[in-house]
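After this come two complexes, each holding chain A, first together with chain B and then together with chain C.
Let's turn to the complex of A and B:
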């Protein structure tokens, strides 16, 4: 199967940069500790803020660190490789192959995400588990739901990043759009402040936006704050955004291809 | 029916330029202008022209990634822009300045991915890979990441990659650019072999005229979007109105800087006892040599063929 082979190669490719991975794990662990103490201070002051207790909050801090690279909250990943190919014009070579861009790059990004989950995701979580009293999924079903939710989180994030990258077909450089997406993603993914802490309608809004699929939904499944039907609704929410974004990506890439083909490049 | 048929093909681009504070003027640029030619299966054709002559635009249309503005185009019996994806399975492309290989992965992985992309039959894939590894000496490089390969090694990898799916046509865009003399001649030998043994049609764009001299029986020269020459390499000399040169070393210089006078040739340079005589490319050198030897004391003789670079420069400058 082509896409599996592509994902495996992407995994291996990232695995060649061991030093970068180790440095990243260290950074994630340091930030995990800092954010944990910040949350402990907040929840000592208000022990049921956002419906979380203090162990929920600390666990959320470490899940956030695990998700940064896995879900590529800051952007990056396979879509950056595509952006580079658009800038240099190498993307024209991709048109000489009988495969579509979207499936190819999604497979690449999933391979990358798998590598980051096993390294930048797992290792800091183990550090957090040693230093703090974390909460864990309460059974195999919850673990499974969390796993599916993580995959969907990557796909939603990929969809957004792909749209940012595709803008380069018209703008030639996606740096500005990318920075905008980083700021929005940082805020609305709940990476800095959990979305459950947002007041009133801003919380409802944030919960409906695709960035909620990055961290808040998988974290709530992990913590058991979304159990039973709630967990399933969480997955449906993610899957709906994933499908919608991939659909838009497909249309945009089709237009981008026509632009290259019709207008030259 | 010819493998590649191009009839009255044109492609214009609209270039918008800022001419005032807000005003923009659109100008039409004709990159390819009523181009017609045919290429038969198994030919090796050199496609040359100065930068911006329309070479890449033509190749892009032939491969279906650019839609022609007007004209008719048929490659392997299909219209490229309508059947781009089908056509990708039947053509191979090599760019001297770009790579289709995966930078961070061993060469072997790139080949494996290509096997899946083109759904190459397992046995056929192994046969091809074994053959290319032997001919291109890639065996020891298969497990080296592409980023660690030298330019020559990478280029060999790229050419193997373009041929794994048994394409009928191979487009090469400056395949020898930046390579050393040994790598160049090796690559050319391989291309000759592929053309002869596999009946692959080669269309080669290049600025290195030695590529053409050593590979192509036919050369097409394009300038300002249209063909200025299509024929054999030898014919290019006649067309270019180039001359051959007979270099005569006399035993003693002629008195008063005198020049050799002989039918059918004229002296264009004198340096002591040595004189340079130009004569038309299509004339035989034998009677000229005899005539010179009959009237003068000759110490030595040699004939200079016109450099193809000069011939082509002459063709370009005519327009």
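Let's turn to the complex of A and C:
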């Protein structure tokens, strides 16, 4: 229950900035339009590129815009707040709390993600639906699987961002590591080019990395490219990465606890 | 007239001195500087890798080959990169207004615009510029065009006008922050979004969008129209050929609008708080 309360407050905190949200939706929509037309150009020349057809590809473009903020592909979110607290030493207070550090911040990030999904996720998708011919999940089961997949995507992303943030316990400043993570995440999440277009073994590699859980897996479930058992395997893939990353986070945070020296005190 | 020129030269001098100071600041952490510069090179490089991956699946995009798209990509990237280096940090204006440090700038006897434009001047943006230049050079080598002096001149002219257009968009974005700080991200749709629009041949967009990008939001004049001349292609939309030489007009008009917006914004500014 405590975690729900934390998540609700995180949701409300982000909901304060309406103008910023509207501006973000506008920008997401502009990029959605550009990416849609580039994909249309690709699929006009090669109608079955990567096993997608043109409406799969355009839908993928808009799902990508919807996921940027929800899954925090560009970083940010609750882990950035924690990084600032590590830098200033405020994290000492967090460590005093009778709540696990990991659970607390995961709840915060899920609250944030819920807000971003309902605004920065939903609104550009509606814009895309008005402007283009999109494809939608073909039944309640697919909607449900997609919903679960989206939550898992946020958790996987949280796990990676948390590890980046935890590096601040040792480095004091996580900017460099964060930058590096964003580069890798942008590319291997399939935000710029769907992973299905990657040639040869690079495709298999990209599909196995945790960043594939950000966008490619949820999108494939939405599009019905992963149906039946395939969809379940997709969720298992995401859940496995989520569990592994959270496990590593837990170990790292345990060690960090011993490492913490509150600066100046 | 002479007075205007003196003021301009003072503003320019202030800009250069401030920028040089920020360069010295960044050089205090030399390792950090180089890492960030290389990181920028790689980030924008991956952007181009994405286009190469698309071309692994098709052999033309909107009727343009990889080398031709690389020419468009490099041209747009170079213009945006230089504009971003020169005054990209104008987007920090909102933070300055919120923190109240903008007021401190206003009382200094130095051009306000020069101060805002040079704020935290980031030489590391050379990373992006270098990457775009490399792609542009590669495309020029790969294209094997019939070079004439006018085409060579056209490349310099493309970079100058394109940079001017993006500079105007950055300024407009800055001016908008006098109205609303929170909505600052809208500017990204015009600067970075404009750059992404310009990276691809306009033939992939519908006719209405191309017209809007010509007459409404003049992104097409950054590199599309000049590039058509260099690549020796007739306008695919049948628009008049003189558009290929009209970039300076677009740059000047947009520049005047941006200058007006900036002045109006500064005049309207009433400080934060009470």
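We adopt the following convention: the second predicted complex is superposed on the first by the 260 of 265 C-alpha atoms of A that agree within 3 Å, B and C clash if a C-alpha of one lies under 4 Å from a C-alpha of the other, contacts with A are read in each partner's own complex, and residues count from 1 in each chain.
Note that a contact is a pair of C-beta atoms (placed from the backbone, for glycine too) under 8 Å apart; a residue touches a chain by one contact, two chains touch by 3 or more.
As the structure is a computational prediction, the values presented were derived from the model and not from experiment.
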Superposition on chain A - do chain B and chain C clash or fit: fit
Which of chain B and chain C A:31 touches, first, second, both or neither: second
Which superposed partner A:55 touches (first chain B, second chain C, both, neither): neither
Touched partner set for A:20, first chain B, second chain C, both or neither: second
Larger contact residue set on chain A - chain B or chain C: C
First (chain B), second (chain C), both or neither touched by A:250: neither
Once both complexes are placed on the shared chain, angle at chain A toward chain B and chain C, C-alpha, multiple of 10 degrees: 90
Minimum C-alpha separation between chain B and chain C after superposing on chain A, in Å: 12
Contacts on chain A seen with chain B and repeated with chain C across the two complexes: none
Chain C partner contacts - residues on chain A that touch it in the complex: 17-20, 22-24, 26-27, 30-31, 33-34, 37-38, 40-42, 45-46, 49-50, 176, 179-180, 182-183, 186-187, 192-193, 197-199
Residue ranges of chain A in contact with chain B within the complex: 1-2, 5-6, 9, 12-13, 16, 88-90, 92-93, 95-99, 260-264
Chain C residues touching chain A - in the complex, by the definition given at the top: 32, 35-36, 39, 42-43, 46-47, 49-50, 53-54, 56-62, 180, 182-186, 188-189, 193, 196-197, 200, 203-206, 209
Interface residues, chain B side, partner chain A - complex: 11, 13, 31, 57, 60, 63, 65-67, 81, 84-86, 88-89, 91, 93, 95, 98, 100, 102, 104-105, 109, 112-113, 116-118, 145
